[in-house]
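Which chain is which? They are A, B and C, in the order written, and residues in each are numbered from 1.
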């Protein structure tokens, strides 16, 4: 057994070392910077909460928190519900769904940069194809500015986000739905359950675990997403789509205000860690050992 | 290239030509590695820059040129990262607006210390007002290749005549009147960009500065976004919208300057507000007859500062890193770009979108053909009269971002211009105090 | 009696399929169409849906000498670089992820759950904020502007998730198989490679595809770390078409098509394994 233990440590060593060096190291760097006063690009003294104080005094920061909540919570809920609906559809047996299952991954393989540019272009009320089509078909008589209207912008970004993230969720749920035992569905049918009832009382309980898991996975994906909102709106109009990721970028690379940017990253990270802790807690059966000792 | 050289020998003065001819001889003195970072530019410019680099390499066989071109959007993050790790390129081609920050952070060095008598040649070949834009606190930090000026107005001539006018608007009051008169149900009289992009903000700054506004007062360390000069300029934007002369407000906040240009070029807007590069490859329809004029002036400027004629910034200015290990080669590269053959790229050979820095570039027929009024003004010595640099100081991005937010809030009608700019002033003041310590 | 609901059912089915297909595929299709248009046509309003004068100029330009000089980008080279980075880091991730995954799934050692949990949490530490510190680190060890540097970085980013997928799926494989092999005199490593891994193929394919796509389309770190033109990747090439002055969507479309095509082919054939692996590894309780 001692041999096993050594073998195990040897086996995980490269992974742990890589993560420590390339991920934990830079993160530690950011954490110390958040407690450092940075003036004109120079570090002037460690051990201050000024950066956090500046952040809480910044009215934009609270708007950012609100937008981030829409982005993460709204995005996750929609991603999973749309993903579930699409996944249920894809689980049907037909040639059409077979093709769709393969093609649906397209949004995922196209780099973010391209996705953001293409959607921004298409969504423009006056020079974009979506705006033009809406007007041509008479659905609207004035151009709709999806990205220019503060009421619409956050949700428009969420729609694009879902376009990008939902296919994977749908495929996972599709696979889960297809693995629901046929005999249970058949038994429910015998008992006179209609399609909706079979879905609600047989399928859902069977895929409940997958559903929880994809919820948390998508939450993590969405929190890490940066390129889409940054390229599409840059946080505008009037900060209506400013979220954590974009505001951190703006503070550090446009304003050269690394202290505050680092403080924000730390807050962002704490929120993320609590989400992941929640995930691991829910998922503990899966990631921890069988019948943990 | 050959064409450019023959043309220059006809048009250029003998003094200019002889310096150009001497350049390759002096070049052989410098040797070693030389790294150059260039950020963004029009497609023509990017292409030309690379092509001329080959000429530099040929003339300086002892210098190993290591040239990198980057997307314009990552300019600041790239330079910052390079600086922090001592890996800055020897020569950086960036914006004039960056100079104070780069100097303050110790990233670039004064050329007076390393370029020596080369500067005399630059003074001879570069328009003085433009070379001036490379100065900071009495020292020369960069060699400009061209400048952009703000703000300008493009006017569709057919729409103008149709509305019964015989000349473009000259005052703010006229602009409102013209825009109203030129508006048709399916075609707004005027369009202006109002996204968060820095260029869109520069366009507004040009209007505000001409009204005696400023965004920051270096002497008192105070953000002055709520100066009457700025507030009234923003009021002009709001008035144009209230007059019904523009696309709807929410459309303006998603419309980048390039989209505005496209709308104008396709006859979807009778006027648009832009920088001096109104004339870039936007795809203007052949049947659109148009002209570009300086943006109309306020009847009586209301700002607390001196009204300017225009603001300008060299957006491809060559700077030498303070960490450059081979300043001789760096100066050689700058000197190469100060030669007429290079600066003439912006004299319509082939780029016509920028205001050229080189004196010789102004002699080119292409430029005169595209921009007769510029060339006239240049020759009369009035083109740069009363022009000030675009905002540049440590923390400029933070203030411009706050201004961008205020513009959008006012355009969308969320706040009055006064309110929006008051809020932006206090927000920006906090930011800038933090950055400057 | 039976006929009508059936027709209704298929009509509904096709309709829903159509809506999903349009939502998912239209943006991709629109870019694809743009790749056949000219710059002038792209500027035109109202927008022409189909290319009026279809042209392959954009594709030709991407691979022609003059355009490369203008954009300073050599597309065959960009694709080669991205391919090298994605393939090499995928191999690294697979090898080390398999070892670690096996250890987490099969071996007992103190701190196991804690370490696995820590690895998973670290997966979230990638954002705009880490760009600068990472750049500092990479230049300290002399690996910025180097393909090897990106390979290492992406591997470090990809390893935790790959380890996790592989570990979860190995747990599903009955221990008895392995034990009987070891009974027959195979060492632990032998039984792992010869008995367990073949059964874990879907998970390995999933981890590989997942990582490959991530590495192939990463932009932020590549854009800050790479400097010389010989080292640039496809995402940097794509971003260079989004400049201030011109948005050359014909090139974006053409380049995106070229970039997406190989991955799509891989997916087309790997899709079944991929979903199965995701289900087994990432999702099953």
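In this section, a residue touches a chain if its C-beta (ideal position, glycine included) is under 8 Å from a C-beta of that chain, and two chains touch if they have at least 3 such contacts.
By chain, with names taken from UniProt: B = Sugar transport system (Sugar-binding protein); C = Maltose/maltodextrin transport system permease protein MalG.
Keep in mind that what you see is a predicted model, and the values were worked out from it rather than measured.
Relative to chain C, the chain whose mean Cα position lies farthest away is B. More contacting C-beta pairs link the chains of A-C than the other of the two pairs B-C and A-C. Mean C-alpha positions place chain B and chain C at a centre distance of 39 Å. Centroids of chain A and chain C (each the mean of its C-alpha atoms) stand 16 Å apart.
Residue positions of chain A touching 2 or more other chains, listed in rising order: 126-127, 252-253.
Chain B has residues 77, 80, 262-263, 268 in contact with two or more other chains.
Multi-chain contact residues, meaning those touching two or more other chains, occur in chain C at positions 45, 131-132, 136, 239, 242, 247. Taken together, the chain C residues at the contact with chain A in this complex read 13-14, 16-17, 20-21, 23-25, 27-28, 30-31, 45-47, 49, 96-97, 99-100, 102-104, 107-110, 112-113, 115-117, 119-134, 136-137, 152-153, 155-157, 159-160, 163-164, 167-168, 171, 188, 213, 216-217, 219-220, 234-235, 238-239, 242, 247, 249, 252, 256, 259-260, 263-264, 267-268, 271, 274-276, 278-279, 282-285.
Across the complex, chain B meets chain A through its residues 76-77, 80, 101, 104-105, 194-197, 247-248, 250-255, 259, 262-263, 268, 394-395, 397-398, 401, 404-405, 408-409, 411-412, 414, 423, 427, 430-431, 434-437. By the touch criterion given at the top, residues 1, 4-5, 7-9, 11-12, 14-16, 18-19, 21-27, 29-30, 33, 86, 89, 92, 94, 96-97, 100-115, 117-119, 121-122, 126-129, 132, 136, 163, 167-168, 171-172, 174-176, 179, 209-210, 213-214, 217, 220, 223-224, 226-227, 231, 245, 248-249, 252-253, 258, 261-262, 264-265, 268-269, 272-273, 275-277, 279-280, 283, 285-290, 292-293 of chain A touch chain C in their complex. Residues 37, 40-43, 46-47, 50-51, 66-74, 77-78, 80-81, 84-87, 199, 258, 262-263, 265-266, 268, 277, 280-283, 285, 353 of chain B are the ones touching chain C in the complex.
Taken together, the chain C residues at the contact with chain B in this complex read 39-40, 42-45, 69-72, 131-132, 135-136, 139-140, 144, 223-224, 227-229, 236, 239-240, 242-248.
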